[in-house]
Structure formats: structure tokens, C-alpha cells
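Take a look at the structures below.
Here come two complexes built around subunit A, the first alongside subunit B, the second alongside subunit C.
For the complex of A and B:
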């Protein structure tokens, strides 16, 4: 009897949605998560409010987690990793490992939802001094402060008077090797800028950018809102370097549309770090023998018309493991991956049974 | 924003106008923002340049309606003060810039900025309006626009030598034109007594006379004399109590 169970790897937004969808349609999903809790990056990185609607990330993720945990068709394995895989569609043998040891699962299809990791701004952009200056932080660090409702200068806990975001850190950079746009950072920076203005109304907030990429409703809901209602200053021009001056950080750059160089003292500089494939994504690509693109994301070989099929039949990928993705992308792709995986195990079952 | 380097946009370097303390610049800026029309002329600017592309002045001067909108939207108090002392007077107020996709009206914003500059008696506003005294006098005293008798060489030196020819035989030229209304060299057309009284009242009640007084005391006094007599005849003599 061919196996109709589906293995979902990764317990973030895409993995949770895929597992829930499979369960809802009456098939069995085994959800593997290497951390000891579900929720993925939004949980691990302590996201405060989601982009674009500013809904509480914790609340939104808890709803997704509960939908999986309350689903009798979903078997959740926490603290578990995939260490080996063999076989083909309808008959994969996947070895998993956890505190109790190794186990080999028989599944008909696999959905990989191992996501991304944030670009490490110390990797190639030393000009911003992320590891040198305490008050140079990332979108993720900022998110943690916003979640605690306490936005202060990290070095001395003082209320900031002026802060800025620097966009495209680790993205759109041939020298670094990440030529792609990370898609979400413009929206997240604008969202965080709004939250900072709400938390510290006297604090001036600047966003230094190359292009603002606020697609669809992010334009009125985030960009225009930040600019018109919250007086966030958008300056087209990227900072070239940051130097320490007294207790401030001097940000040097060019205001390209006003045609003048600038040097502005800032209390906090927030680096809008982009997305790179997570360690898990790289490992799964190797274990399952999946084609990766030049940036090491898993390649969706049928894109754009098929966003979830990989180079191996029966193995699907959803969310940010295939490239920079926002929540809408990840959730949509996860539902599609669930549907394609079910189709794969059903077709295979029919063929083998006849 | 407060840039700490003293570089300026466009060609606005040099001491063309009096510098004032930051607080004074902020006061002027807040006066612009407090105008009831402010929220209809400025939302936010994403610097697309549509307004500049449409702007006739931008073709002839180092002038950018985008920079005006941008500076005010960014609440760049220093730059707004700079622009109020120079750039805003390069605008011809044609409102071609009203095609802004964000719904801004840089021209409308400039109107507000000019009004604040005039009301506060900025020297640069006085200089910019110096050449218009004759036109303002004509419009405000007669209620009609530029009239033939203004075509004098001293008033329009930039019109070249033809203005001399025209000015010499002005009355003849005008009589050669068929429409009845143009058979005068003093006004463009006749304005009824009722209309001119209403115009005088509007200019007094809406603060236009106060603005003239701020910008050109001499012109104010001449206009006051002209208007006083006609308004008194119409029974409005109380208006000129100082």
C-alpha cells in the first residue's frame, strides 16, 4: 500500500499552514520542527506587530499553532531534525532525529518550509559598524524593543531624539552576492517607523532608501501612512558609513533628490537587513537533492506558474525557503503546496493500486 | 530635517537674505502649516518629478516645485526658510503642477508660503514684488487688470524698443480697435461703482490691505487715498480708523 502521509518540514507560517491544510482535507501530516516550539521566525525573532496590518504577531501565530495542535490529522514532532532521505514520490523514507534517537518515516510527499534567516550585517557591511556600535541595530533588534514597548538607545537607555533606518542592507548588492530585493524590508521599516513615532512622538524618524518597494496595499497602508500621518522622513540616498561622534552616531550619505551630501547625528541606526536562505533550507536542499538557485534558495522550477514544485517530484517547497517572501506569499504558497502534495500522493496511490 | 552640513540644494548658496534664529524660521513654518488650506495642498511627496516636468518656470529658472513640496513635507524648517526667501518667487502660479499623483498642489503650497512671506514683511518678498507695484495699484484702484497706459518704457524695459513706438501713439492705437470697451487707455474695461466698492471692501476685510501695508507702505498710502474717497461716498468711512 503506497503511503499517503505527507511530511512537512518547518513549523513557521508556511509549515503551519501547509500542515493544517493537509489535515483539514483529511490527509495525515507529520510536522517536523527543530526548535522546541512552533511559530517559526516570527516567534523566534520576537516579532511585535505583523506587516502590514500591525496585528499582534504572537496572537496571529498562536491562532495558527492552535489550528495545527487541535488538528487530529497533524502529528507534531518538536526538537526534531531531518538527517537523511531516500526514495521517490509515493515512497519516501525520511530519517528524523530527536532526543529519543533516530526514526525513519514513510511518507508519500514532502513539503519543505524551512524559511529564511536575516542577513548578518557584520558579514560584509562593516561600514555600518553593527558589531562595533551598540546603537547600530537591525530590524529584528528593533522589533524586540517594540514588543517590550520600550524604545531606547541601547548604549545608555536614553530616549532617542533622532533615529534612522538604512534600507537594503544585505540586499541588492552584487558585491555581497545578494542581488535580489528582500521584498519585505521597506514595509517592515515603515511599520516600525510608525510604531517608533507612536511610542516616542518627539523622536524624528528617517528612512534612507534606494527605491521604496511598497507593492499593492502597502503603498497607502504603510508608506503613505507613515509619511503623511506619522511624518516619517523618507530620503532617497543610502548611508555610506557611520562614525561615532560623542554619544551619537554620525550617518553620512547623500540626499539625492535635494542634491546635497548629509551628515546627521543619530541616536539609533536601524539596519534593514534582508533575507538569506536559512541553515535548514540549505541542509534540506542537500538532503533531498533539490536544485538551488545562485543564492542557495530552493528553486521553484515551474515558477512563475508553479511556485511550489521543486526539481524532485513529490517534494514541494513553500514560503521563504524559495526566496524572499512576505506572510501573504508564504501562506498562499503553503496552501498550494498542500494541494499539490495531496494530488501527488493520490495519483501515485491510484497508479500503484491498479 | 536639520542637516548639519551647510550645503544647500539648487543654487541657493550665498548671503542673498537675512538669516534669522531657528525659532523664527519655525514660527514662519508653523504659520504655513496652520493655514486652513494646508491639508488640501500637501499630503506627502515621493519625489516623482511630475510637477517639475510640467512646470514652465522650471525650464527657465533653477526652480523646482518638487523641492518645495518635499521640504515642507519633510518639515525641513531651514530649507523651507531658504525657499521662502528665493525659490517661491520663481513660480508663475499657473498650477500646471496640480497633476501630482499624490494630490499635492505645489503651486497652492507656494501661494500659502508667499502669503506668509508677505504678511511677515520678509525683505525678499518686498524685493520680489517691487516691480509689481504699478500693476497692484492698477488692479486694486480700478478693479481691472493691466491697462494700455501702463505700456510705458520705464515700466517694461524688457519689452525692447517697440514699447516706445506703442507708448507714443497709445490713444490712436486703442481707437483703431473696434470694441467699445477698449476705447480707453486707463482701464481694460469699465467697472461699475457697485463692483468697485465691493472689491475695496473685500480687500480690506480679507487682509489684503494689511499685506500691502506690510510690503509697500507708499503704495498702501496711495491706495488708501483713492479708496477712502469712494468708500466714504458709499458710506464706509469707519474702515480707515487706525
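For the complex of A and C:
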């Protein structure tokens, strides 16, 4: 009897949705997560509210986790990693490892949902002093403060009067090697700006940008809302450098529509860091022998018409392991990957049975 | 520390070592870096009821190339927004008075940044704080004192009737008419305006229209004063006019002035005055075949769409229908016509700010427009707004186009064709 079980690697939004979909359709999913809890990056990075509707990340992720944990067809393995794989569609032998030791699973198909990691602004061409100044933080650091409902200057715990975001940190940058747009940072910066204005109404918030990239409904739901209702100020031209002046950060750049340099004191500077393939994504690509693109994301070889098939038949990829993706992208791709994986194990089974 | 507003603008002329540096190139001699964004000013202005949308600008800049003032200077809602973001207070900024409310920016604005609401709202605040150009203040005072911006005696408002040569009934005597013709100030007092009023009276008589005017009871509609910041004056006059209207029986109001059309259509209903209002071109266009047009005119003409008739109220066709029905008249369009018509500079208070504007623009909007009219090869610039005839006639002179172009109201051409 051919194996119709499907292995899902990664317990974030894409992995949870893929596992749930497989279970809902009556197939067995084994969900592997290297951390000892589900929820992926939104949980690990302590996201406060999700884009675009500002729904609590915890609440949204808990609903997804519940759906998987209550699904009798989903076998969840926490604290577990994949260390080796062989075989082909319909007959993969995947070796997993956890605290108890190694185990080899026989599965018909694999869905990789190992996601992204945030760009480290201290890396390479760093010019914003992330590891130098306490008050230079990232979108992720900001999320943590927002989640704790305490948005203060990290250096002294004081209430900030002026805060700015610098967009495209680690994205759209040939020197760093990340030529792509990370797609979500404009929306997330706008979302965090709204939350800062709600939490600290006296605080002036600026977003320094090159292009605002607000696709579809994020335009009215985040960008327009931030500007029109929450008085967030958008200035075209990102800062080049940050220097410390007294207890303030002096942000230097050019206001491009006025063609004048600016040197504005800020209490907190938030770097809108983009996405890179996670360590897990890089490792899975190697273990399964998957083609990667020049940025080391797993290549969806049939894209744009097929966004989930990889270079290896029977191995599918969903979510930000294939490139910058927002939640909607990840969840949509996960459902598609589940469907394609089921089709793969069914077809394979029919062939073998006949 | 916000930027000194005086430092924002490029100097008109800077000469260094005998080389003249113009426009943006001489900005380097000013204070360049921006040391702060005092966005409190933006918040203050955007909190004025009516002015909220100024804070919605996302700098697409579509407004700038269609802004007539930008054509002769440096302007546009996008730029006003930026200045506000820099902490330059619009209430005391000269920029506040440059907009003619022509609405070409709103036509193209994807964000509904509405200068037609923003300008009167912020100007009203500025007027209350006493920041108002002197020449405009004088017009406000004239209007308040005499009931018209020209400072003419209110008792002489209907004097033009004496020269009409046809009956022009007055409501006070007639009490009731199908059409109440609201003549407005310039057509009552200005020499060229009076000529157009006489012409319209002749046409109405020829058509057998049952009409009457208010005569000395009429008061300025004050729409341009409102747009220039005098809402109080506007409301006071509107209440008086509404009271006067209520004394008489009529079916429609006929207006000569598109600015009065705007007042009656958009503002009077808010004050309880709802009327069926029609501009004289809209009124006459369907009746042109009832007029006997004996004279062939043999003119090549071009037509200027008034902002408050065209863009504001969507009437582009009626004036053209009238022109095209005149024997021998050939209409050539200017390249900026209909929706994209170029403002004459008179709207939104611009009529009374020519001296002030001279410091901010390289030429008047009317001069720019007259050059365009001349370029079409037309001999006659046809207008249908009382502001335009005087503005364009001045501009024909100041641009040295006397003898090349004459300015006529559409109704004057009709009368010429009728030969009455």
C-alpha cells in the first residue's frame, strides 16, 4: 500500500493551514515544528496586532493552533527537526530528530512551510547604528513593546515625543544582495505607527520612505487610515545616517520632494526590516535538494501559475519560504499546497494499485 | 526650529560673479537643511472644519501641472501640504491667498483634497485673526457698506435699465414673473458688464420671456467673498436675498454670473433657500432657433469656459451650442478647454487680489489665457462670466494684443447676429 500521509514542516501560519486543510480533507498530516510550541514567527516575535485589520496576533494564531490540535488527522511533533530525506513522490523516507532520538517517517508528499527571518540591521552595510544606539530598534522590537502596551524610549524608559520609521532596511538593496521588496514592511510600519499614535497620542510619528508599497486594501486600511485618521506623517526620502546628539538621535536624510537635507531629532528610530529566508528554509532546501532562487528562498518553479510546486515532485512549499509574503499570501498558498499534495499522493496510489 | 518661510522660496534673481542663477539653483544660498517638522501646524490647520482634507495629500502631485497659479508661479495643494508639514502656518502665509478655487486640482485629485472647502475655511480663520491682504479687505468693506464689491451706490444698481431700450421689469412693481433674473454686481455696475446686461435684456424681450429683476433690492450673492474668507458677510447677504426672494412669486432664477449660480446651487440651500437656478447660457441654448438671426458675423472665435459654470457645475455644451448657432461664426477651441479650462484668475477672491498677486506670479492668469486665445488665431474671445470681460480686456492690452483679439460676452454676439 503506497503511503498517503503528508509531512508538513513548520508550525507557522502556512504550516498550520496546510496541516489543517489536509486533515479536513480526510488525509493524515504530520506537522513538525522545531520550537516547542506552534504559532511560528507571529508567536516567536511577539506580534501584537496583525495587518491589515489590527486583530490580536495571539488570538488569531491561537484559533489556527486550536484547529490543528483538535484535528484527529493531524499528528503534531514539537521540538522536532528534519535531519535527512530520501525517496520520491509517494515514497519519501524522512528522518526526524527530537529529544527522544531519531525516527524515520514514511510519507507520500511533503509541504515545506519554514518561513522567513527578519533582516538583521546590524549586518553588512549597516549604517543606522542598530547595535550602537539603544533607541534604534526594528519593527520586531517595536511589536514587542506594543504587545506589552508600553511604548517608551529603550535607553531611559521615557515617553517618546518623536518617532520615525525608516523603510526598506535590508530590502531593495543590491549591495546587501536583497534586491526584492519585502512587501509587508510599508503596511507593518503604518500599522505600528497607528498603534503608537493610539498608545502615545502626543507622540509625533514620521515614516521616511522611498516608495510606499501598499497593495490592494492595505492602501485604505493602513496607509490612508494612518495618514488621515491618525496623523502619521509620510516623508519621501529615507534617512542615510543616524548620529547621537544629547539624548536624541539625529536622523539625517533628504526630503526629496523639497530637495532639502533634513536633520531631525528623534527619540526612537524604527528600522523597517525586511524578510530573508529563515535558517530552516535554507536547511530544508538542502536536505530535500530543492532549487533555490538567488536570494536563497525556495523556488516555486511553476510560478506565477503554480505558486507551490518545487523542483522536486511531491515536495511543495508554502508561505514566506518561497519569498516575501504576507499572511493572506501564506494562508492561500498553504491551502493550495495541501490540495496539490493530496493530488500527488492519490495519483501515486492509483498508479501503484493498478 | 522650523524653517523660515522666507527662505523656502527661491530668490527671483541671484547674480554671482556676473552669472545669473535662477529658480532652484539659487536655493543653495539660503538656509538649506530642515531641522524640524513642526507638524502641529498641519494638525492645527486640518482641524479647522472644512479644511480636514488638506492633511490627506500623499504627494502624487497631479494637482501641480493643472494648477493655473503654478503655470505663472509656484503653487498647488501638494506644495501647500508640504509647507504645512514644515511648520509654515497657512494662516499667515501668502500662499493662502493665491488659490482661485478654480477646482482643476480637485478634478484630478485621487484623495479628494478639496481646495474648494479648504480655502474658504482657512481664510475665514485668517480673516478673523486679521490676516487679510489690504486690497481684499477693502472689497469686503465695500460689499458690507454698499452691497457690492465695486463700492458703487446701491441706489444705482438698476440704472443700466434706463439705457436698455427694452422693458426691464422690476419685481417690486411686477410682483410676479416666470423668471427672476439675478443680475449681480458687475453686470449692474461695470461699464462692460452693463452692456452685457442690456444685451441679455434685449434677447429676453425678443423671446417674450416673462421676467423681472430685483433692482435696488438685489444684493451681492457674495460667493467670491465667501470663498475669500468672508462667510459672515456671505450669510448676512444670503439671508437678505432669501428674504427678498420670498416676497415675490417666480419659477426660476436666471443668473448672469456663474459665481451667483454656485451660491444659489450649493450654499443657499444650506441656509433654507432652495431655488431652480439656471445660467443664461443654459437657459438660452434650447431657444436659439426661436431667435431671428439676420446678420452673418463671419468671426473666428474661441470660447473660455468659466470655472464656476464648467468644472463646478458641469455646463460645457450650452455656450458652445449658442456659438454654433450664430451664422458665420467659426469656433476654434483653445487647447485648455472644457474640463481642463484655464482659470481667468478672478475666482475665489482673485478678482480683488491682482496687486497682491503681482508679487508672486510672473504674469496674470488672464494674460496667460489671452496669449492662448491669440494662438488659436481667433479674433474674438467669447466669455460668459462677468469677471472675464474686464480681466481679459485688460490682459489683451497688457500683452500687446490690441487689434488682434477682442473680448465679447456670448450675449453680445447673439444680439449682434439679431441685429437689434
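By our rule, the second predicted complex is superposed on the first by the 353 of 354 C-alpha atoms of A that agree within 3 Å, B and C clash if a C-alpha of one lies under 4 Å from a C-alpha of the other, contacts with A are read in each partner's own complex, and residues count from 1 in each chain.
Here, a contact is a pair of C-beta atoms (placed from the backbone, for glycine too) under 8 Å apart; a residue touches a chain by one contact, two chains touch by 3 or more.
All values reported here derive from a predicted model rather than from experimental measurement.
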Three-chain arrangement built on subunit A, subunit B and subunit C clash or fit: clash
Subunit B versus subunit C as contact partner of A:204, first or second or both or neither: both
Which of subunit B and subunit C A:231 touches, first, second, both or neither: both
First (subunit B), second (subunit C), both or neither touched by A:46: neither
Which of subunit B and subunit C A:259 touches, first, second, both or neither: both
Set of subunit A residues, in rising order, touched by both subunit B and subunit C: 204, 206, 212, 223-224, 227-228, 231, 233-236, 255, 257-265
Subunit C residues within the subunit A interface of the complex: 24, 27, 32-37, 39, 42-43, 46, 55-56, 58-59, 61, 78, 82, 85-86, 111
Contacting residues of subunit A [partner subunit B, same complex]: 204, 206, 212, 223-224, 227-228, 231, 233-236, 255, 257-265
Subunit A partner contacts - residues on subunit B that touch it in the complex: 1-5, 7-10, 43-47, 66-67, 70-71, 73-75, 79, 102
Touching residues on subunit A, where the partner in the complex is subunit C: 204, 206, 212, 223-224, 227-228, 231, 233-236, 255, 257-265
